[in-house]
Amino acid sequence: MNILTLLIFIPVLFGLIIALLPSSVRSSFKYITLLATLIQLGISIWIYIHFKTGTAYGGINHEDQFQFVQKLPWIALNLGSMGKMQIDYFVGIDGMSITLLVMTSLVLVIATLSSWEIKSNLKGFFLLFLLLDMAVIGVFCALDFFLFYLFYELMLLPLYFLIGMWGGARREYAAIKFFLYTLFGSVFMLLVMVGLYLSVTDPATGNHTFNIIQMMNPANYSGQSIFSIAGHQTILGMPARTVGFVVLFIAFAIKVPVVPLHTWLPDAHVEAPTPVSIILAGILLKIGGYGIIRICLGIFPEVATTGAFWLGLLGVISILYGAFNALSQRDLKRMIAYSSVSHMGFVLLGIASQTAEGVSGAVMQMVSHGFLSTMLFFLVGVLYNRVHDRGIQHFRGLGSLMPKYTAFVMIAFFASLGLPGFSAFVAEAFTLAGAFKSPTVNGLLPYWMAVCGAVGILLGAAYFLWTLQRMFFGTESLKGGAVWKIALTDLNLREKLTLAPLALIALALGIMPSLVFDKINDSVLALIQFLQLK
Amino acid sequence: MHDLLPHISESLSNVLGSIIYFMPEVYLGLLFIVVLITDLIFGKRSTKLCRIVASAGLVLVMFKDLQQVALILDGPHLIFSNMLLLSRSGIFFKLIIDLLSFILLLYFTWDNKLKAHQKGLSDLYSIAMASVLGLHLMVMAVNLLSIYLAIEMVSIASYLMVAYRTENAFSTEAGLKYVLFGAASSAIMLYGISLLYGFSGTLDLADTIGQLSKVNPISSSFAVVLVLIGIGFKLSFVPIHFWVPDVYQGAPTPVTAYLSTVPKIAAFALLINFLSPFILASSWKGFDIGIALSIAGIVTMIAGNFAAVMQSNVKRMLAYSSIGHTGFALMAVVILTVQGVSVLTYYLFVYALANIGALVLANYFTNETGAEEVDDYRGLGLKYPTASVCFVIILISLTGLPVTAGFTGKLFVFSAVYSVYEQTHSIWLMLLMFTGALTTVVSLFYYIKIPMNLFLKRKEIAEINNKKSHNLLILSILISFMLVLLGIFPDLVLRYL
Amino acid sequence: MTLVRVLFYFLSFIAIVSALYAASSKNLVRSIFVFFVTLFALAGLYVLALADFVAVTQIVIYVGGILVLILFAFMLSGKETLNVIKQQNSRIISLKTLPAILLAALFFIVLLNVVLKADADNLPWIRESISLKNEITPNAIMIDNIGVNLMTRYLLPFEAISILLLMALVGAAHLSRKEGKA
Amino acid sequence: MITLTDFLVVSAVLFCIGLYMIVSKRNAIQILIGIELILNAAILNLVAFGKYDKVNNSGQIFALFAIVLAAATTAVALAIILNVYRRYKTIDPNDINKLRD
Amino acid sequence: MEDFLHSIQILNYTVAAVALPLLAALINFCLPAKSKAAGWISTGAILLSCILSAKVFAGVWNNHEVHAQHLWFTIGKTEVFAGVLLNNLSVLMLLLVSVIALPVHIYSTAYMKNDDRYNRYFTYLSFFCFSMLALVVVDSLVLFYAFWELVGFSSYLLIGFWFTRDKAVQANKKAFIMNRVGDIGLLTAIIILFAQYHTFDIVQLFAEKGLIAQSIINNGLWVGPTGQIPALWQYVACGGIFLAVAAKSAQFPLHTWLPDAMEGPTSVSALIHAATMVAAGVFLLGRVYPMFTETELTVLAVIGCFTAFMAATIALTQNDLKRILAYSTISQLGFMILAMGVGAYASSLFHLATHAFFKCLLFLVAGIVIHQMQHIKDDNELDIDPQDISHMGGLRKKLPLTFIVAIIGALALVGLPLTSGYLSKDGILIQAFDWSENRSGWFKIIPIMALLTSWLTTFYVARLIFKVFFGEFRLLKSNPDIKLHINDGSWQYKLPLVLLAVCCLFPLFSLNPFSFEHAWLFKGLKSANFVESESIYHTFIPIVVNVLSLFVLYAVYAIYARPNSFAFPQSGFLYRLSYNQWYIDDIYKRFIVKPVLRLGSVCFWIDRRVIDGFVHLLAHVSGYIAKLSAWADQHIVDGFLHLLTRIVQRIGNFARKFQSGKVQYYLFSMLVIVLLLFVLKILI
């Protein structure tokens, strides 16, 4: 049994167990789910430890350099003149996926722990949760575009219901908005995927293939095919490969999310229950970034290079726009949601720079943001559970009421705003370094983008500190008066146990960034080399 | 007569030789008579018996269908003096039609309203049998006469089925609209056929094209357009779709399930039969049928899907959605390649399964709670979890999201169109695909309304209906399972097409 | 101008005028009876087109079958229908019917265009048929020809339509049946 | 000699009158008559062209089938119209519009 | 080999010295809230650090520098090292920080003893010491930046230590954000350097023959050994560094956070906002000194000078004890920057060291005074501000020791001979004059302003001392029946004062009390090519400065310390002064004091309204931008979505319009559409 396959499908197994158990034992569902996620975490840590590094394991466009690979023929259809359709069950990881995989497994554990707040319809919740679990893990492992797309789309439905059924007051609106936005992206992605599949033939078998890695090799494109590099085909007057890139990019940019495709995010986050917010911010957004690296850059390297300026521009706009929006929010969760937009802007900027520093920084930022946003949303959830209110103006002086809580909030806030010693600092600094290095190394981005990105860091400090000052410091004053005061108890053991590992990991990654960089370096270098070769 | 005498024996041997290629239809004819007789002998109590006979008979017919595959290994075969064409794709169309009809036959009595029909359902089975025979003819027809005959046969059967519940005003109203619209369209089509015959001097489609090329293109184009109205009536693409929402809503739900699926499949087969000479022959000088169909497809997708957004009645919504799906399927007709046909077959099969499933579930909820409108579904999800989950799966398949068969269907259609686009670079194909993708998003707008009401909206449900419709539930579970299975392993079916 | 030609014009005139009247009449009964005239005139035209068997069938099935059926239906539906219909105003061209007239006129223009452009008498297959003597002559007896064809070439439609009629019969009977009876 | 064009023009006129009837008459039976007119127009065409198709005789035979089919359709349509009348007490299709958007 | 062992030992000591406070912070973090052990743990740790630092200092000072590093992580092909760089500059700072921190720790154990969050205070304090000590020894710009921010962060924690006070929280937010502006500058500079040289290593970059030294600006390009980028970015990098310096060392225009930061505990102000952290900016300048070109240095000098003057004028009119000291700190920091700008590298750092001692001392004194005033306030339930000097007076009798050390500190600040301040400050002034000698006339303004500032300094320091310690206790006048139970306090108060006071005198730095060039510290830091110029200024400046300072002192004494204050000149007052003196006094009052006071208030007004106002404006502007973008988000971006929805509905409704339920209408529509399409097709 391939370990990745095991990792992907364990949730389904446990989901079946939950599905078969009667509702009378519903209180055990959360423990079953926790067990599943813990096993996944264990497996992913095992994978992390056994993940080999070195230039021979760069991955990216070398199929043989991927690790823990499993490749099984899945759908093979003879379609006459269209050739044979070859779809494989093809999973494997390289440096780009491994850290995200571990991050995902951990975030899932945290999300499970925060599911304790869910009180209604437990069976449905945990079934959907586990389905989502499978899908997100699958996305990071899939190397066949068809499989990737399958997992990618499979995330939508559980999320729709998780937001829609267990969410807040405007949950229906938020859920449908989320669904429509992402579907909009992915449907057009389907078109490009089909086009790619018809353009690419597997040199070994001569069949058309969905293999992502084969798609990266220009030699595999048949001359007259729509996405052939040599063919210079056009779609509606535009170069076909540019169109393909843009469509794929939009699909992933919606997930990231990149301004102006981001408006689903604040609504979805605000309305979603805490565990789902955690998964959304912690994992879902990373899938966008991962998709851009693996698919947009991998398959359309030359378009990515010519379009790098626009990518970087969008990244910078996201950074600033998200930060400004966060500054003006009155809802704590919404503020954090917008901060995610800002932070994910760094990912895009780093990717656009196409330098080793930038891309490493982007991956680091994804990992770091995975943990930090998880922590932030969990913290918001703690507050919301106590008094069912998140208005920043409704709280004052929480610091003396809930000192431990405040301590964790401060850790999370300062870590997020890029305080050295925490992971976000390394990530953002190197993203900017990469962006600034870009003009001299490959001339893709202008210098000012890095400077604008740096301003985003400043704004980050502004909104986090302002919130801190307004909500936690000063004399105590609560909108709900004495009732709230009783309700606002400090963190309990479960919450502390949940938060402490996150804080420690953020710290550990900040002090020892090599935990991430060592694993991704070879892949990053391979990617950069690949992009330079085009 | 004297001219014909020398040929009589030849013609007769042709007829006799054709029968071996016509066994399923012969069986169907016999089946019709057997059902009719059963009905006559056993009178009002015959419903159950008719059902058994009809269903069992259809299984036999399917078996005969399968046997035909062996007959045409050496290629398509013309029978009955070029009246019909038996081809591999035709056989699969017939098989799918029979299979779906079989499901629908079982389903008829599970609708509480239809079951309560005072005049009994035995006649419905007779009509359905004749209708299936008509569908078989439609699939195989390559002669103007057989085309007209088959369409009329199916149409008349459909009118009868829609208006079947005479005690229900909606049903009759739908019947009236259907019959007036249908009769008018088929009359117009007949006029078109008469012109086609006049311009070419033959009813045989294969010969027609050769003669038509010698006629003024405007004249021949007009004739073809009039014929397309008749076929379009069965397919319900824009602008011949107006009857669809009213009829689907008014008809008994099982009949809606029937109308929205099986005749459509047959009509697509017929459309392919009718058009392939025009598209393939270079001598055709009239309008570009590919472009015309593309426009029709695009407009149909837009009209169907966009109009569905505003609907509140579940059946009506599904009616619009079926219009949208017709538009999507037209995409595969436009390219008219071998792959196009097999992909189309798969797409239609999957669509039909899902659509039947959706209507079965709509029926289930009507049976259980009397819910007809989307709003009535509020909060039912937690009360009927299994049915609701199945509903979600089926709707997902209709939308075309993984991991359901609807997705693979959509994917294969896109692939087929794409591969043609690669060679022709026709802007219309691109637009078709673009619209297809866009309307998929739009379709989510309305499909999601059902899960949203089922699960997301909350309402206290007090009344409890004791009439449990287990059969419908089992059927929908089976269909959902099939859809997911085909979503993961599409080659289970596709490899044969 | 031959007699045949005069006859043709005469019958055409009757057919068209009666059809127009049927179309314009608000009175259903008159409409139906005038339609009789149209059908008869058409039967005459079929004879002129040397299709005597079709003409006979036309009279037997249409006049004898369909119209009688319509009359029956009309009578079954009772007097109310008549009353409702009489109230309508009787102008042919009113604002309500204007679109319909325009549509019909437009169709007519297009059709005329189509017909004239097609130049039906000089179609290749017709000239070929004339040269091959495949033309029906006024003194030919076509009935046996039709009979043979129905039993050979058109056997399939012939059999199929029997099932169709049976089905229509069953269905129409079912619909018209009083409820509650088997 | 009567030319084919003559027949065609007559049938075109009948066709248009039929069209007019089916879209303008406010009575289901008259609409049915309109449909019959169109059918007859088509039959006239078939018969007229059938004159030049002696061997196969397709035109005339098609005309026969068309007449029979018209009868069947009419029968079914009338049955439905009768039912409608029972439910709605009118046969004006414009008043029968419970099913609508 | 011995060298090597020696280095190892020194490195170990250094790491231990840096890590001990961190350890203390961690232990304290885990202690229960009110544990009194916390103070002693921290103090013990800093004491050990102090001893170790001294050893390190002894080993490295004027010896060859020690540099060791270890691979931290690899990113792409870039290897990032973490390491320690010990040279004269860093060991001096190491020692200075730990030595200043020690008395402050001792003082704090008493000062904070009644606070609820005693252990948290020491956690923060130790954490600050750790960050500061680490900052001065690290060898990589990344680490430098990291600790730079951590220093700011711990300052944030300490300013807002009493987080229930709104002013404190406002202040710490302001401090952190303003520092963040500087941080961004530093980060930008580091990134630019990295982009240019592909390394973060301070030694490689700034060593004598380092990468920076090998680069030139040529034709608008900044050409270095590893590549070239447009010269603009060299300026931006320097600008970034300057921003960082300005933010941390409270230079114009980023200085306004420092006065506000006085909301923190006074002991914290003494350590962080007087002696150590604010000096970090100057230290940074010292580290990256080779980067600056001539022009950039001039800009530095101008800014430093302006800041110094401005802050001094503001300090003239303040009544809040700590605020006066804060502005004084700004002013003195301005001096250091000025010194850096005029090339007086060693003098600047020298002044940094001396200033650290006396300013710390003054703050601790202020702490005691405020503490005692607080006592009075609490005992008598008065509604007064314990920091307002207008309530004070005559405290010299109540707080004798405090008074004495305050005098020492004040004299050092004024820069009278025999104090350390004299040595360092005169050095700056002299070198500033030397510097302007070689330049055109306008540059003379800088040393002259500096001179002026130094007299202003005398004025406000004297005013402070006289108002607090001399005359009569003014509070007693307004509230005659209050009880006074005040004294110098326990040994934990006294010991630090004495220690620091001793350090404020000249012998610690130089055996020659009149020549800064003989100070060992100066010698150790001056660059190799420093030329001892024997210009006239060496004798002229000290005399002018000190003589005039004395006059000022006397004038101030006359104004503030004597009973019957200056507002209404009395005959007795006139008698005791000579006519000329009175005349000068009058002129002084009318033409100097008043305008200066006016200028002071104008500056303060500007400070409050314009500069702070500008900052507020920025805040508002960004607030508006934020609101605007939020609005855009809701209405434009989302509005676009809603528009799309609207379009979908429109199309849908259009399609539905045909669905009237009338079958003839359906037929009609169908026929019309078909016909039109056909006609269109034909026409086209």
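As written, the chains take the letters A, B, C, D and E, and residue 1 is the first residue of each chain.
Keep in mind that, in the parts below, contacts are C-beta pairs under 8 Å (C-beta built on N, C-alpha and C of every residue); 3 or more make two chains touch, one makes a residue touch a chain.
Owing to the predicted nature of the structure, the values given are computational and were not obtained by experimental measurement.
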Any chain that touches chain C and chain A: B, E
Smallest number of contact steps required from chain D to reach chain E: 1
Centroid-based (C-alpha) most distant chain relative to chain E: C
Leading chain pair when contacts are tallied as C-beta pairs: C-D
Centre-most chain, if every chain is reduced to its averaged C-alpha atoms: A
Rounded Å distance between chain C and chain D, as computed from the means of their C-alpha atoms: 6
Chain centre separation in whole Å, for chain D relative to chain B (CA means): 25
Centre distance in Å when chain B and chain E are each reduced to the mean of their C-alpha atoms: 81
Separation of mean Cα positions, chain E and chain A [Å, integer]: 40
Set of chain B residues in contact with two or more other chains: 3-4, 145, 149, 152, 156, 159-160, 163, 166, 176-177, 180, 184, 195, 198, 201-202, 218, 222, 245-246, 307, 310, 445
Contacts with 2+ other chains: residues of chain D: 4, 8, 15, 18-19, 22-25, 31-32, 34, 43, 48-49, 52-56, 59, 61, 65, 69, 72-73, 76, 79-81, 83, 93, 96-101
Pairwise chain contacts under the document criterion: A-B, A-E, B-C, B-D, B-E, C-D, C-E, D-E
Residues on chain B engaged by chain C in the complex (per definition of touch): 1, 3-5, 7-8, 11-12, 14-15, 18, 29, 32, 36, 39, 43-44, 80-81, 83-84, 118-120, 123, 126-127, 130-131, 133-134, 137, 145-146, 149-150, 152-153, 156-157, 159-160, 163-164, 166-167, 195, 198-202, 211, 214-216, 218-220, 222-223
Residues on chain B engaged by chain E in the complex (per definition of touch): 176-177, 180-181, 184-185, 218, 221-222, 225, 229, 238-240, 242-243, 245-246, 287, 302-304, 306-310, 442, 445
Of chain B, residues touching chain D in the complex: 3-4, 144-145, 148-149, 152, 155-156, 159-160, 163, 166, 169-170, 172-177, 179-180, 183-184, 186-188, 190-191, 193-195, 197-198, 201-203, 245-247, 249-250, 307, 310-311, 316
List of chain A residues in touch with chain B within their complex: 75-82, 85, 121, 124, 149-150, 153-154, 156-157, 160-161, 164-165, 171-172, 175-176, 179-180, 183-184, 187-188, 190-191, 194-195, 197-199, 224-226, 233, 235-236
Chain E-facing residues of chain A, complex: 177, 259-260, 262-263, 266, 321, 324-329, 355-357, 359-361, 397, 399-400, 414, 419-421, 425, 429-430, 432-433, 436-437, 439-440, 447, 450-451, 454-455, 457-459, 461-462, 465-466, 468-469, 472-476, 512-514, 517-518, 521, 524-525, 528
